[in-house]
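Structures incoming, each one as C-alpha cells.
Okay, so chain A shows up in both of these, paired with chain B first and chain C after.
Now for the complex of A and B:
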C-alpha cells in the first residue's frame, strides 16, 4: 500500500510505515478527497445552475429556490421556433467537416508518419501552427471570398472553413496513432505484393480504427463548438445552434428558461462524447503541448 | 541500364534485389507523396492563401462603401500608420495584455494547485479529475451563457444571495471597474483544466526516487515541492502559459455575450476591435491590418513555443 502510493505521492513524509502513522495518513487522504469534492461542487455549480434553469417553470424563474416542479416548457418553446433547424445545421456542418478532414487528413498523417523526407519537421510544424492562428485573420479573407463565390450562408462554406483547424487536428493526432502500429505487419504485406495504400487500407487503418474514431469525435466537437466563424459567415439559411442561442439572448433576453434549454441541448452532445472518449479527448485537447 | 542488369544478375542476385528495392523505394515515395499532397494543397489554399490575402488587403483602404474603388495601393502603409495614432487600438492592446496576464496567471495558479491536490492514486480522485474537465469541453458559447446568467442580477443565485444578506451588488459586467476582471474570471473557470491536465501528466511521469531520498534526508513538504517537484514541472508550466496566452488573443464569445466590448470600451480587446472594424463598420482594409498585427504576435509566440517546448519533441 505504502509503496504504490509513494510512486505518485509528492510529500513522502507520511508514507513511513508503522501502525501509528497509518491513521493520520488515511485521515489526510480522506481530507484530500473531501477538499477535492468540495472544490468540484463549487466549480460545477455555474454549469449545473444552467441545467436546472432549463427545467424551471417561468413563474419560479427569479427565485433562487431549488424547490420547483420541473417542466419541459423551455424545451417545448424551443421546438416551435427555428431552433430545431439550426440544431440540424450544426449536426450537418460538424459531420461534413469531420468527414472531409478525415478523408484528407488521415492519408496525410500516415504519409508523414512513415515517410522520413527532408523538411518533414517543417511541414509538421506548419500544420501545428495553423491551429494557433487567430480566427479573425482567416475570417476577413474568407468573408470577402465567400461573397464572390456565393458560399456565404451555406453549410458547405462553413464546413470548408472548419478545415482550417480540424485538418491540423487530424494530421497531428493520427500521427501518434499510426506510430503505435508496428511496421512489421505492413512489410509482410509488401512482400506479399501489396501496394503502399493497399497495405494501409487493409492492415494499418483497421488497427488504428479506435484512433480514427477518437479523432472523429474531437473534430466533431471542435466544429460543433465554433461560434466565431458561424456568426460571421451565416445569415439565415446556415445558422448553427450556438448562433441561434445568441440570437435568443439578443432578441428574447427575458426568456431565460428557453435560453437555458437551448444551452443545455447544445452542450449535451459534447458532454456525452466527453464521457465516451475521455482518455483520447485528453490526448487531443493537449495536442502539441505534451512531449510524448 | 537493362544491359547492366542482365550482365550482373546471374553473378550477384543480391544486386538485383537492391535494384528492385530501389525501384520499390521510389514507388513507395511516390505513393506517400500522393497521400500527402491533397492535405498540403488544401492547407495551402485555406491557410497560406488567406493569410497572404489578409496582408495584401491590409495594404489597401478596402471598405464596403466602394469595394472596387478602395482596392488600390496608393498608400500601402496608411493603415499601419493610422494604427499607431488610433488610441482605441492602442487601448485595446492594453486591455488585451491586462486580460491575458490576469487570466493566464490565474489559470496557471488554479490549475497547478488542483493538479497537486488531485495527484494521488485514488478512485475518488480519478473520477473527480475527469469531472473537472467539463468546463474546458463545453461549447464556449454555453460558457458565456452560464456566466451571463450568473452576472445578471435578475436570475443570478449569487446576486440573490448577496441581496438576502442585505448587500446588493451591481452586476459585475455592467460596472466599468470590474467588467474586465469578471471576464478574466469566467475565462479562468473555462480554461484552468488545461493547465491541470498538463501538470498532472507531468507529475505522473516524475521519478519517485529523488523524492524518497530527499524525504529520508528530512526535507520538509515545502522543500520537496520547491526543489524537486517544481523544477520538474516548470517546463510544462511554461508551455501551458504560452499556449493559453496564444489562445487568449482569440477570446471572443465571452466578450461578445457578456459585455459586447463595454461598458464604454473597457473590455474591448484587440481581436474584438478588429471584429468591430471589419463586420460592424466594414473597414476591411483597416481590420486586416489589425488582424495582421495579431497574426504576427501569435506567430512570434508560436515560435517561442517551438523553441521552448517543441524542440525536444523533434529530437526524440
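Now for the complex of A and C:
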C-alpha cells in the first residue's frame, strides 16, 4: 500500500512543480519525433518499395496492394542467368581495390601524420583534390589508356580505377585515426627495441585497427556502388552487379522482378556493413575534435 | 650499467636555441635529478639521452660509447614516461615482456623474467589485466616494471609522479628510491618538483633556460646555492630575499633602504655600498623578545599563520618597508595575524647574492 502511495505521490509532486515548463517541452519532443519519422519514411520509401517488389509475384508487380504471397521467383530467375557471376565480379573488384587502397593508403597516412616534412600540408591537400574532380573528366583518358594497356574489361583494371579514388579517402580518414594514437606509445616502443616499422606494425596499427576496419568498409562500399566506370570500362567479362542490373532493361521488355531482386541483393552488403561500422566511422570523422 | 656523459650539448628548434652547451657527467650507478621550471630544457635533455630527439651539437656518451647517432633501440636505456605510455592493447604481462620479445628471447625466459619483475613491484595479481583496468599507481608501477625488466644501462624518468595524487606520489617516490638502491642502475630523473629531486637524487642539476645553473649534492645546493635562482628553487618553502646595500664598516652587514640591519658572518666578495640580496631560509629565523632592536632583531607584523603540525609557518611583513618574509618555527608559537613580532636571523646561515646578476657573494 505504502509503496503505491509513494509512487502516486511522486509524479503528482513532479507535475505540480514542473507543469509549466514540461508541457511545451513534451510537445516539442513529440513534434521532433514525428518529424524524424516522416523524414525516415520519405527516405526509406524507395528502398522498402524495391524490397517488396523483389518478393512480389510477377503477375501483380504493379498492384498497389501490400497484401501478396511473397515469392522468391525473382531471385531464382537471377540465379539462372549471368547475374551470379556479375555479383562475384563486384565482390572481387571491391575487395581487390579495398586491399590495394589500404596497402598503399594506410602507410601513406601514417607518414603524413608522423613525418613533419616541409610541404606536408600541401601534399595532404593535393591528395584530397584528386577526389574532388568529377569522374567524367577521367573517362576518356582511362578508356583509351586501358584499351592500349589491355586492361579493358578486366577485374584488375576496374580495381585500379577504384584504387585511385579510394586512396584519398583512406589517406584522409586514417590520418585522424593515427593522430589519435599518442606518439608517446611509439616512443616507448622505440626504447623497448622497435624500429619505425615495428612500432607501426605492433603498436600503432593495432590501436588504429577499428579505424582501418571502418575505412575498409567505406572503400568497399564506394567500389561496390560504382556504376559509371563499370559501365564504361567493362563489356562481358568484368561486368559488375550494378551494370548487370541495368542490362535487365532490354528492348524486349523490362524484367522488373529481376531488377528488384538484383537491387535488393546489391544493397544488402552495403546496409550490413554500414550498420556494423557506423560507430567507428563517426569516431573517425570526428576524432580529435574533442579532447577525450 | 654505464656512466653517462653529456658534453657541450646544444639543441636548436629551427633557429631557436633551447639548450646552450650543457655539460653533465653522471657516474655509473649514480642517481641524478634534472630540475628546473617548465621550459628549462630538462625534458629535452632527457629525450636526447634516450635518442628520441637529436642533439644539434655536442657529444652524448653512454658507457664511453658515442651514441649521438644511435637509434633508441640500440642505446640499451629504459624510460618511464610522464603519462606511462603503456600499450593499451596488451596485458600487463605483455607490456612487461614486450622488450624481451623484441630481443627474440624464448617464451619461457620472458615469462620467468616478467614473473621476477612482477614480484619485485607487487604486480603478480595484475598480469592478465589491460592498462585501462589499472589505477594510476598500478600503471605507474607497470611502467617502472617495463623499464627494469630488461636490465638496461640506464633508467630515464620523465616526471613520473606528476600524474599521481599527493599521497601516492610520496609512496611511489620511496619505491623508486628503494628500487635504485636495490638495482644500482644509473638513473636520470626529470622533475620540476624540487622535493622529489632532493629526496631521490645523489646529485641535482638545476637548469634554467637551457643552461646549467648549478650541479651538486642536494644539501650542497641547499646550503650553498650558487645564485639566487637556485636558492629560490631549492627548498620549500623557498628562501626569503631582502634587497639592500652592503655595509662593511663596523662588521659586515646588509642595510635595507628602510634601515634594517642584517648581519653577515664574514665579508662577502663585494665592495662597500654594492646593491645585494640578503637571503635567509625560513627555518633560520629565531624569535626575539620585544624591543631589543639594538642587537639585530627585526620588527615584523604577522600576516598569515600556517600551522603544519611539525612546524609553524608564519608569513610576516618585516620593517617599515614591508619586506615579505616567511619564517618557519619548530615550536608551536601562538601568534595571530596583525600582531607584532621580533625576528632574529641566524647570521651564520645568511646568504648574499649580487642584486643584478644573482651570483653568490659569500
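By our rule, the second predicted complex is superposed on the first by the 256 of 292 C-alpha atoms of A that agree within 3 Å, B and C clash if a C-alpha of one lies under 4 Å from a C-alpha of the other, contacts with A are read in each partner's own complex, and residues count from 1 in each chain.
Please note the rule applied: a contact is a pair of C-beta atoms (placed from the backbone, for glycine too) under 8 Å apart; a residue touches a chain by one contact, two chains touch by 3 or more.
All values reported here derive from a predicted model rather than from experimental measurement.
Q: Where does A:115 make contact in the superposed view: on chain B (first), on chain C (second), on both, or on neither?
A: It touches chain B, and chain C stays clear.
Q: Which holds for A:142: it touches chain B only (first), chain C only (second), both, or neither?
A: A:142 sits against chain B, while chain C stays out of touch.
Q: Return first, second, both or neither, reflecting whether A:171 touches chain B, chain C, both chains, or no partner chain.
A: first
Q: Mind working out whether A:210 is in touch with chain B, chain C, both or neither, as first, second, both or neither?
A: Neither partner.
Q: Contact-wise, after the overlay, does A:195 reach chain B, chain C, both or neither (first, second, both, neither)?
A: Touch status of A:195: both partners.
Q: Which chain, chain B or chain C, ends up touching more residues of chain A in the combined arrangement?
A: Between chain B and chain C, the winner on chain A residue contacts is B.
Q: Considering only the touch criterion stated at the top, classify A:184 as touching first (chain B), second (chain C), both, or neither.
A: A:184 contacts chain C only, not chain B.
Q: Who does A:46 touch here: chain B (first), chain C (second), both, or neither?
A: first
Q: Do chain B and chain C land on any of the same chain A residues, and which?
A: 190, 195
Q: For the complex, which residues does chain B have touching chain A?
A: My answer: residues 24, 27-29, 31-36, 38-40, 42-43, 46-47, 49-51, 53-54, 57, 114, 116-122, 124-125, 128, 130-142, 145-150, 154-155, 157, 160-161, 189, 194, 197-198, 201-204, 208, 211-212, 215, 221, 224-225, 229, 236, 239-240, 243, 246, 249-250, 252-253, 256-257, 271, 274-275, 278-279, 284, 287-288, 290-292, 294-295, 298-299, 301-302, 306, 309-310, 312-314, 316.
Q: Mind listing the chain A positions that touch chain B in their complex?
A: 4-13, 15, 29, 32-33, 35-37, 39-40, 43-44, 46-47, 49-50, 53, 61-62, 64, 104-105, 107-108, 110-112, 114-115, 117, 121, 123, 125-130, 132-145, 160-161, 163-164, 167-168, 171, 190, 195-197, 221, 224-225, 227-228, 231-232, 242, 245-246, 249, 256, 259-260, 263, 266-267, 270-271, 274, 278, 281-282, 285-286, 288-291
Q: Help me check something: in the complex, which residues belonging to chain C touch chain A?
A: Chain C reaches chain A through residues 50-52, 71-73, 77-79, 81-83, 85-89, 98-99, 102-103, 146.
Q: Could you please specify the touching residues of chain A with respect to chain C in the complex?
A: It comes out as residues 182, 184-185, 187-195, 198, 203, 206-207.
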